[in-house]
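We just call them A, B, C and D in the order they show up, numbering each chain from 1.
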């Protein structure tokens, strides 16, 4: 009952050249998707540091989308291939540590795939909504400690 | 403490229809470090930009966040505005509340809240932005044109006429490319050689052009404005300065039965040869594979007859190194190999030939002096079948694209045939006639109406020989897919145009990308048609995709303009989104451990090694260093570095970390 | 065995073939400790017996040791693999470190990468059966069970960073855990921050871990944290064909890629 | 002894008994046991795939599932129509997981999609071809026109077997058996099988063209790998001869029969007596086959 009202927080880590542009196209085409996904722009999937993904879960994300150019389409020729290898290893490690990799959706969305972006977002929202809030993380969170550490500027 | 200004754009009603912009502006005003926030109908308009500029001055802003459309759209606009107000442009960031918010969500509290979240996130990011300076790189004002076909010739002449130095590198002994093999050109039917050869001579004589024929690109290092290129000049076994081009050697060479590549195997040449009479330079080379002296150790007839003693049997390949600011790749295309068509009998039946061979038959300087005679017995064919799309548009053959030029040259072939063999009948099997171009459709009509070419819409399934005739079996799809069989005397295949066999290797040498068919890829199919994804390397002609002469020439001039524009300044400026390895005071020097695991990750070979030495010159430490000229700012090395010794300007660890934190914590 | 070793090291030191030798010595309570021998006389303290399984490769890059001059080391199989991995990361050069190792009860010495590689190729490098068993057991659990298992372990961690000190691959002068711009890893030792540390450590060692197990052996809280990195060894070998510490010129698995790498998890 | 699955289909049990007999006999020579898939059913060739997609996939899937259940992961399917149906089914199921689930639900059996379907030529290539030459005792030195028909090589995108317009694999096998595979023009043309019963006049014309070209190019034997091709070229010979307006008695042999003769099996074992057009191959001493020229003159 509580889950029906649950709106997951989802962070999307996307590359500038394909998926960010693809998401722009979703907008230009006025295709609708859930407002609970927020996009962070990276130059390339190769730039996405695995530490940032961990930080996203720690700070209350219930799901993560990671998306970039299709293989062979990388603006930087090979950044996405390197990223893909890291993801294989990172997923394996997360899974072994008991972190739910179902909550991380990897995808390739090109600058022309406005529809696909909306699909990826909506499907991920559905999936994460069904999985519920990421309680495991919420139990061990120490928000006050974090807030003080970070906002010292 | 940063002083951030937030500017929320309504974009007419594009944003304000679903997002409460005033509320977003008001709430952003309460954010830590935000000292000014406002909303406006059109932020990108002149008054909107003025609003930002004045606010920067009035409120002493040192950071600006514009919440509007996608940064891919207007980031340069707003950065420029900030710069005009005296701020470092890289301290301005955009929050995308249109494409990523107002357009994709309905009007609701939630949508406004999301816009607020996005603004807050970018505010946190911009607080960590650092002022950056555009990177300046010097330019060597010499261009290298690879390939001496019509595209290369056009490009080289255009650049040279702008007053810049050009080095042309051609693989064959002569420039001219495929165009020099053609008989007449569509849609005007003017003689190919007549229009091309004066341009070839112009290249050879131009004071700004250095021509290297029989040469190939060995390696390319460096970056835009500063390439270092090694060129292999294959040995011609000839002292070119002495040779007068008299041609006596070629008449005396005892090896006379070598299939002539220029004639597509329809004629012969000698082992020491000039590929064709109008060749530039008109000096011979020795084909060592077929030379008696190189193969058997005796002969040297050419050396004996040469009146100026120009033959050099011991000459070796020479590698020369040149510096260049830009490269134009014009390496052209190839024609599909015969083993692609077992069912059409190419290679099995002598009278099944391809389009380029037909060009040679029709050429006044060709092996038959321009008479259409079939290769098997020299008879004049009375019935001739042209098969269009031989390989093209055929997924089963692995070529899904349209080769584009074949419809036109097939119509031209049918016409030329009819003009030379008045009682002959030309047939054309085609899928569609694609004659888009100035005077193209009219040209095809002429072939059909005036020259009575029988166009049959359908595919040919097989060609086989019976009773000395070539039976072409196909279907006529305009007659209810009725099977048709034509007893032909000769068959001409409009074979697909394909990429050169060594194009993949060359692309890797140049670090430019290529498509699934190994054609070189342009940076953008519409807006950057002559650029590659490697700055400073341009494309022209059929090395990109099959192109006809007007298109190749247009692209060549386009590429030439790009080069000339680049050379119009002595320095070039680049976005400073590049990676950097940190440097610290001794004894640490840098947190970089020198493991160089990042070296191989870089798609641009931008990671170099720097040795830190003590006063005596002993190496204390070896560190990674990013070459700013080469780095394109992908950040793949940044995410790999364990110690976080590398960071990316514009997308730094601090910026990205702050974004994630701000997006989720409030 | 100790005698052969002592004589050999004495010889090497008096011949000035090496300036310092890292070997096994007797510690308190019957434990083994590393000793650093600089004179032939001190070599008497060296021991070698069946308990001497420790790898001292983590000392190779310490400035104090390097400052002493040419290094010799009593090397276990794992120490040799560590050397190869360090070489592939440009931390040591060929013929720079003289390794002494037992090959079929014969004491061999070599500083030559090719020789060491040949020896390593003849050895078995599998993860120990009881460790593999534990990995399989964990993989057979549900995600939630694994989460609970590790949280219980992370809870114990006191962030002493002994694991880092013992690891031959943790040689960064300035570990990312110490970075505070931004503060990737919280300083305090709470469950979340501890997890951050251990996952980051495992990620940094993926494709580089030579399964010596030093990290777990030194952990005062007995966290089986070696399993985190061991678990990645098999998939990296299977997916990318890479194994750490076997070749001095190997390419790091995450520094390269194949266009056909698996991607069944990507939409 | 190699054990492979074997799917006969309807024709092997009826009109093409000699095909089945020759395949099994040939396999035996090479120490291969062909095990019939227990409880096999109709493959649904001809009309099913035009009428009901699910049924047309369910029938072959059941056959494949039975093979898998009996651990027969390579199955030999001599009939070209059966081969086509089974291969297309594998392709469709592997392409669409939800369809596969649905079909498995219909037949109430699991199927992984991994059973390897071999046509007669693939079977011979994979298990026999390497040892063929050493086993040849009586080289089949006749001029052979290898006729592939339609289903063996099309649709090429799915079957990925041989070149659809100019197939070569059977020619290579015939050459290995000592025969002279001639170059001719009707290798993969339609024999009219779809009209075999309803419009024999069309069959006579289509098959007649095939027979004529083969004979004009001095073929002494036609080689086939499909029971439908065989029945049209063999059984419909009276109609064909009427169309050609002459008596043509060139025999039509299955590739398995040709290879069988080459490795010394007798005519009876290979079922040669079952053909409509009598197989009267002229005695040849180990001499060269009649010379072939590509251009041959005939009265038009």
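Heads up, the rule we're going with is that contacts are C-beta pairs under 8 Å (C-beta built on N, C-alpha and C of every residue); 3 or more make two chains touch, one makes a residue touch a chain.
Note that this is a predicted model, so its numbers are computed, not measured.
Enquirer: Of the chains present, which has its C-alpha mean closest to the combined C-alpha mean?
Expert: Chain nearest the overall C-alpha centroid, as shown: B.
Enquirer: I want to compare two interfaces, B-D and B-C. Which one has more contacting C-beta pairs?
Expert: B-C
Enquirer: Where the CA atoms of chain B average out and where those of chain C average out, how many Å apart are those spots?
Expert: Here the centre of chain C sits 48 Å away from the centre of chain B.
Enquirer: Between chain C and chain D, what is the gap in Å from one C-alpha centre to the other?
Expert: 63
Enquirer: Which integer distance in Å separates the CA centroid of chain A from that of chain D?
Expert: Here the centre of chain D sits 54 Å away from the centre of chain A.
Enquirer: Residues touching two or more other chains, restricted to chain D: which are they?
Expert: none
Enquirer: Taking each residue of chain C in turn, which ones touch at least two of the other chains?
Expert: 182, 184, 254, 256
Enquirer: Give the residues of chain A that touch two or more other chains, as numbers and ranges in rising order.
Expert: Touching at least two other chains: 50, 55, 72, 78, 82, 86, 146, 150.
Enquirer: Any two chains that touch count here, so list every such pair.
Expert: A-B, A-C, B-C, B-D
Enquirer: For chain D, which residues are in contact with chain B within the complex?
Expert: Against chain B, the touching part of chain D is residues 156-157, 163-166, 168, 184-185, 213, 216, 294-298, 300.
Enquirer: Could you please specify the touching residues of chain A with respect to chain B in the complex?
Expert: Within the complex, chain A touches chain B at residues 9, 11, 16, 20-21, 23-28, 30-36, 38-44, 46-50, 52, 55-56, 59-61, 72, 74-79, 82-83, 86, 118, 143, 146-147, 150-151, 153.
Enquirer: Note which residues of chain C are touching chain A in the complex, please.
Expert: Residue positions touching the partner: 138-139, 143-151, 182-184, 186-188, 190-192, 195-196, 198-200, 202-203, 206-207, 227-228, 231-232, 235-236, 239-240, 253-254, 256-259, 261-263, 265-267.
Enquirer: Can you list the residues on chain B that touch chain A in the complex?
Expert: Going through chain B, the ones touching chain A are 1, 32, 70-73, 96, 98-106, 108, 110-111, 113-114, 117-118, 121, 127, 511, 513, 533, 577, 601, 603-604, 632-636, 638-640, 648, 650-651, 653, 656-657, 659-661, 663-665.
Enquirer: Quick check on the complex: what are the chain B residues that touch chain D?
Expert: Touch list, chain B to chain D: 342-343, 395-396, 461-462, 464-468, 471, 473.
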